[in-house]
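Scrolling down, you'll hit the structures one after another.
Here come two complexes built around subunit A, the first alongside subunit B, the second alongside subunit C.
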Partner chain A sequence: MTTAFIEQSASGAAAPRAAARPASGKPIGTAGVGVRFESLAKRYNDLYAVDGVNLDVAPGEFLSILGPSGSGKTTVLMLIAGFVSPSSGRLLLGDQDISRIPPHKRDIGVVFQNYALFPHLDVRRNVAFPLEVRKVAKDEIARRVAWALERVHMSQYADRRVSQLSGGQQQRVALARAIVFEPRALLMDEPLAALDRNLRVDMQHEIRSLQRSLGQTVIYVTHDQEEALNLSDRVAVMDHGRLQQVDTPKNLYLRPANPFVAGFFGEANLFRGNAEAAAFVTESGARLPLARSARGKAVLCVRPEMIVFGDKQKEGFPSLEGTVVETRFQGSILRISLRTPLGPIMAVRHINTTDDAPPEGTRLTFGWDPELGHLMVQE
Partner chain B sequence: MSEYLLGANGRRLLIAYGWLLILFIIVPALVLVPVSIGKDDSFVIIPHELSLRWYQTLFTDTRWRNALILSLKLAVFASVLATVAGVLAAIGVSRAAPQLAKALRLLFIAPMIVPLMVIGVGFYVLYARLRLLGGFVPLGAAHAVLVLPFVMLPVSARLYSMDQRLEWAAASLGAGPYQTIIRVVLPQLKPAILAGFAFAFIFSFDEVVVAQFLSGPQMETLPRRMWEGIQMGGLDKTITAVTTVQLILAVVAMLFITTWQWRPKARPAPARDKADRP
Partner chain C sequence: MGNATSISHSITDTPGGADWETQRRRVTVTLLVVPIAMMALLFLVPLGYLVWLSLGGPSGPNVNSYRQLAAPVYLNLAYYTLQLAFIVTVACAVIAYPLAYLLANIESAVSRLMIVGLVISLWLSVLARTYSWIIILQRNGVVNDLLQQAGITSKPLPLVYNETGVYIGMIHILLPYMGMTLYPTLRAIDGSLVRSALSLGASPWTTFRRVYFPLSLSGLVSGSILVFTMAIGFFVTPAILGGGRVNTIVMAIQNQVQVLVDLPLAAATSVVLLLVSLLILVVYERIAGVERIFGKGRQ
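Up next is the complex of A and B:
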């Protein structure tokens, strides 16, 4: 799954890069390298903020690290950038161990949530900063700054003060500043969190297309599921300092590894119980059919949109009964809460002009395609 | 709000009190200005005849002029020394462990709290042993200690309010620790450094207690000369010219500081704070 995505982004890179090549000099913009976490851990006193993370980020991959507050995702970011050093484990950039290398020698571009532009410098000097500290020749600095500002559509603002820019413009400048020195990877810390919603969606597209055309490796830290799903080749879900699952957006939704992941991406009806070959026996004693036989303590996950009612039920679907507690109209979908012997069930139905919402108190039969139920066996 | 709570009479009383306070602060500082431009040598507040002769004395009389030049030199020496040491100390303290930082900050601010007399006598005894009394550099160094807090306080405050992520950003962009200080930290501190420097300069320029102890017989600073001028009974009216010059200097310095600090700066970005940042 992963490799397919990488090939796709690598082939997408060729054409736009050629177009962006300046008239003279060597082309700017290097493809990213891979990042590898080997049992990486960070302990504060006796508390593990990050606990034994193993992860391989492929060159040119867009990987999000997603988790709620306190999940350890920010510590992972600080470890990659080098602002904190790991208690144990290794971090490799390409084939170089960077665990003990100070941040200014890592060659990783970082984009911060609050932009962290230097207020005493104008846009041009902000973008030139990483080149100036590397003592790059003046005309080369001018050429690269022009290239980077062009890439983020900020060329006409080169002489502005940072305080004269809007949030979105500041974030573009921060992005230009992070790519101008041809870093080996890009690290982004909730770069869009401070922007309003419409701008956020636009910027998501821009970041994605910039990443594709550069072939950069991006590690993107966020707490926003939608953003992570929208942008990423793969998403690494963190909770309590541990990686819960690293997978493609589709698999995270359809094949969550555990109830935390299932609950984190959208709504889920979760049934606890035991898998007994072809059937799943809930704690309340109901038998639900399984598509594949399994054994052991498990949680069955059924997404609300997979629930079908009455005559739409088919052969082999579980046949259950429930009472409508509440119906809510939410644009194109209808959300139905049911009270059932198995506990509360949430279902959604796409609005269909011939259907009316079932009134409260209606008794309905419902079920789902066992193929779509996802069983999470717990060790 | 206050109108509603105080009523009309209460409001009038409050305004009257406010004006009284303002006048009580300003009048003593201003009262010598008209005196200094009176021609005769009586201390009347509203002069009969205007003249700049006392200013002329200040700049032509060798004793007054030497005192003025010495004080200016001393203030420059002490405030430059204190600014360099104070900025470095503030940056150092900001990076120390919290407990140590607290202790160090207190130590560096102590010269402002400890009575001048104590510091003066202390330096006097020390310098007498080391045979340093009456030297320009030793006196300048003692003054630098006195004015160190004036630099430490604003620079520390600015450092404290500075976004640490600017330093992180600089590091991630390839700037080593020294480059980060020179290219990012110091430019951010510029207004605070200038303010600290100006306060330090003014304080050193008219400091009299410690100077009295340490300057020995030959070195006569301006405040010492004034002190003598008052004590000698004759009441040299040149003093009023000096105070006016000092007042103008202080006002200019304060205008300079406020305009620097009120210059429009980059508004901090509306960042959401993160609960899980270690």
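Up next is the complex of A and C:
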């Protein structure tokens, strides 16, 4: 009972909190450095797990590497941490080439998915571990451990055994252990995957504010789109060992580079066909207006919330017809599935209390602002 | 199936009788009767008989036999036996640890084959394994032939019918027990703990010393207890490979029964051996404190 209460009050302390100032000595916590991937590749036999990745992570940036399982994101993580060495290419930490440097000399804090706390040491000794192996003086260790535990709101648990902590608390300790030795960058491997939803959102917030206040560079590996969008300055989307797109969350949603990225973030109505100057001709022969003229084989992406119906249609919008197949109420929005000559179309509409959902079988005219349609030309 | 049905029937059919809990307790007690009776008959009764015999049997009770055991010859034997068991245990641990480490960490057909080999060697008769060492180690055996052909020695080395032979044989026979106890423990150590230690700046050696080894200690302790207690009571191998030059406490018991025909003395020696083994077990557990290391049972 007591434990549950304390934990709640600790995680509830998300309100602005004065940064912990160590009692004496120089302030702890250094800003991170940049990480640079130069045509980094990892080959297993003839299979590329990671294939020619070029990426620049700025100092102090929060970058997520996002991809489905088997996309190569775990291999990228292992490459950065040094547990796997690249088949070709270089990896730079700041201006130092670390491609061939063993993991224990890289000075990168790693937070693992299963926390990876040492079960035979208590919380304090776990956090002190990276300092002890660096032969830091005893009183300095005590000062820094206190600082790190304070930063993750775990000071009162210093003497607990790891097995006495909840999953969320263990993850906090793992985080403290990864920042206590002032690493040059932080690497996180799905650190919140094992936590339940509410705690996950709390922890996202805390990781983000910790990263901001330290100015630490974070590379965060995840398969959870929402988490990546929520946390990151930029997201690197991976699939089949290649980077699909590296961009801000907003651009990934509104300007996806290819159909994979479009489908990975939220729902998308994708039309395959050819761009012929001012019009896009679908495979079924329909002509849809384009905001900017383009040419060549392409995919047109229209997000469900951009679709408008009937009288909201304006001049220049495509005018299409469809039959309502299903409507589903989802809190603040209504999802409408349509059957159209162009194939199934998904639309969402914000709940408007004055009108009812269109019943199944209703014929509707719909379209969208061509400015909002996103054309992905395929080379 | 039939039993389960009839049990649940009798429960639901009991009109206003015992509830489910009481019924279940009755079934548990009934089922426990047989094993408890077996334990009593096969272990407690003979053990009681042994203690009664050691106290003089029909002519007792007296502690004459125990007084005889205080003689220097028996104390020396006991000391030698403990020393032998200790050295064999340490040697088994030193040899089995890297072996178990390899088996636990290398995923390949070879490692699977090696585990099968380890298990098979446990099935083979100790007698057969002991006698094969005579063939290998004797004056004109394989080892001596090779050593001489390689020019390492000019004369055959005395490798068997002495202490050397006993050590080689006992280590070989007890090694699989250490290996089979260590292997699952090492196998259960989470690889991410090692990776985590490395990423935190610990060199591979420091990682082993401060993370991997402490976590493997529980397996090392149970393996050592197993090997040590088996080594104290070992008879066949020292008797055969020692060629009469190596005497352990168990061989003394055999001598007391067959040559001296002093059953109370033999019984007293056995009781002391049992108590010493128990004591070592308790002390070992206290020192290593396997449970305490992981804080098990503490919530």
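We take it that the second predicted complex is superposed on the first by the 360 of 379 C-alpha atoms of A that agree within 3 Å, B and C clash if a C-alpha of one lies under 4 Å from a C-alpha of the other, contacts with A are read in each partner's own complex, and residues count from 1 in each chain.
Everything below uses one rule, namely that contacts are C-beta pairs under 8 Å (C-beta built on N, C-alpha and C of every residue); 3 or more make two chains touch, one makes a residue touch a chain.
Just so you know, these numbers come straight off a predicted model, no measurement behind them.
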Problem set entry | When subunit B and subunit C are modelled together on subunit A, clash or fit | clash
For this session: Once the structures are superposed on A, label A:129 by its partner contacts, choosing first (subunit B), second (subunit C), both or neither.
Result: both
For this session: Please work out whether A:118 is in contact with subunit B alone, subunit C alone, both, or neither, and reply first, second, both or neither.
Result: both
For this session: Determine, under the contact definition given at the top, whether A:44 touches first (subunit B), second (subunit C), both, or neither.
Result: first
Problem set entry | In the superposition, subunit B vs subunit C on subunit A residues touched | B
For this session: Check the residue A:87 against both partner chains and state whether it touches subunit B (first), subunit C (second), both, or neither.
Result: neither
Exercise. Who does A:282 touch here: subunit B (first), subunit C (second), both, or neither?
Worked result: neither
For this session: Check whether A:194 is in contact with subunit B, with subunit C, with both or with neither, and answer first, second, both or neither.
Result: first
Exercise. Which partner does A:71 reach: the first (subunit B), the second (subunit C), both, or neither?
Worked result: first
Problem set entry | Footprint overlap on subunit A, comparing subunit B with subunit C | 81-83, 102-110, 112-114, 116-120, 129-130, 133-134, 161, 163, 177-178, 181, 187
Seminar exercise, completed: Residue set of subunit A touching subunit B in the complex reads 44, 49, 69-75, 78, 81-84, 102-110, 112-120, 129-130, 132-134, 161-163, 167, 170, 177-178, 181, 187, 190, 193-194
Seminar exercise, completed: Interface with subunit A, subunit B side, in the complex: residues 163, 165-166, 168-177, 179-180, 183-184, 187-188, 190, 264-272, 274-278
Problem set entry | Complex contacts: residues of subunit C adjacent to subunit A | 190, 192-193, 195-204, 206-207, 210-211, 214-215, 293-296, 298-299
For this session: Enumerate the contact residues on subunit A facing subunit C in the complex.
Result: 81-83, 102-110, 112-114, 116-120, 129-130, 133-134, 161, 163-164, 177-178, 181, 187
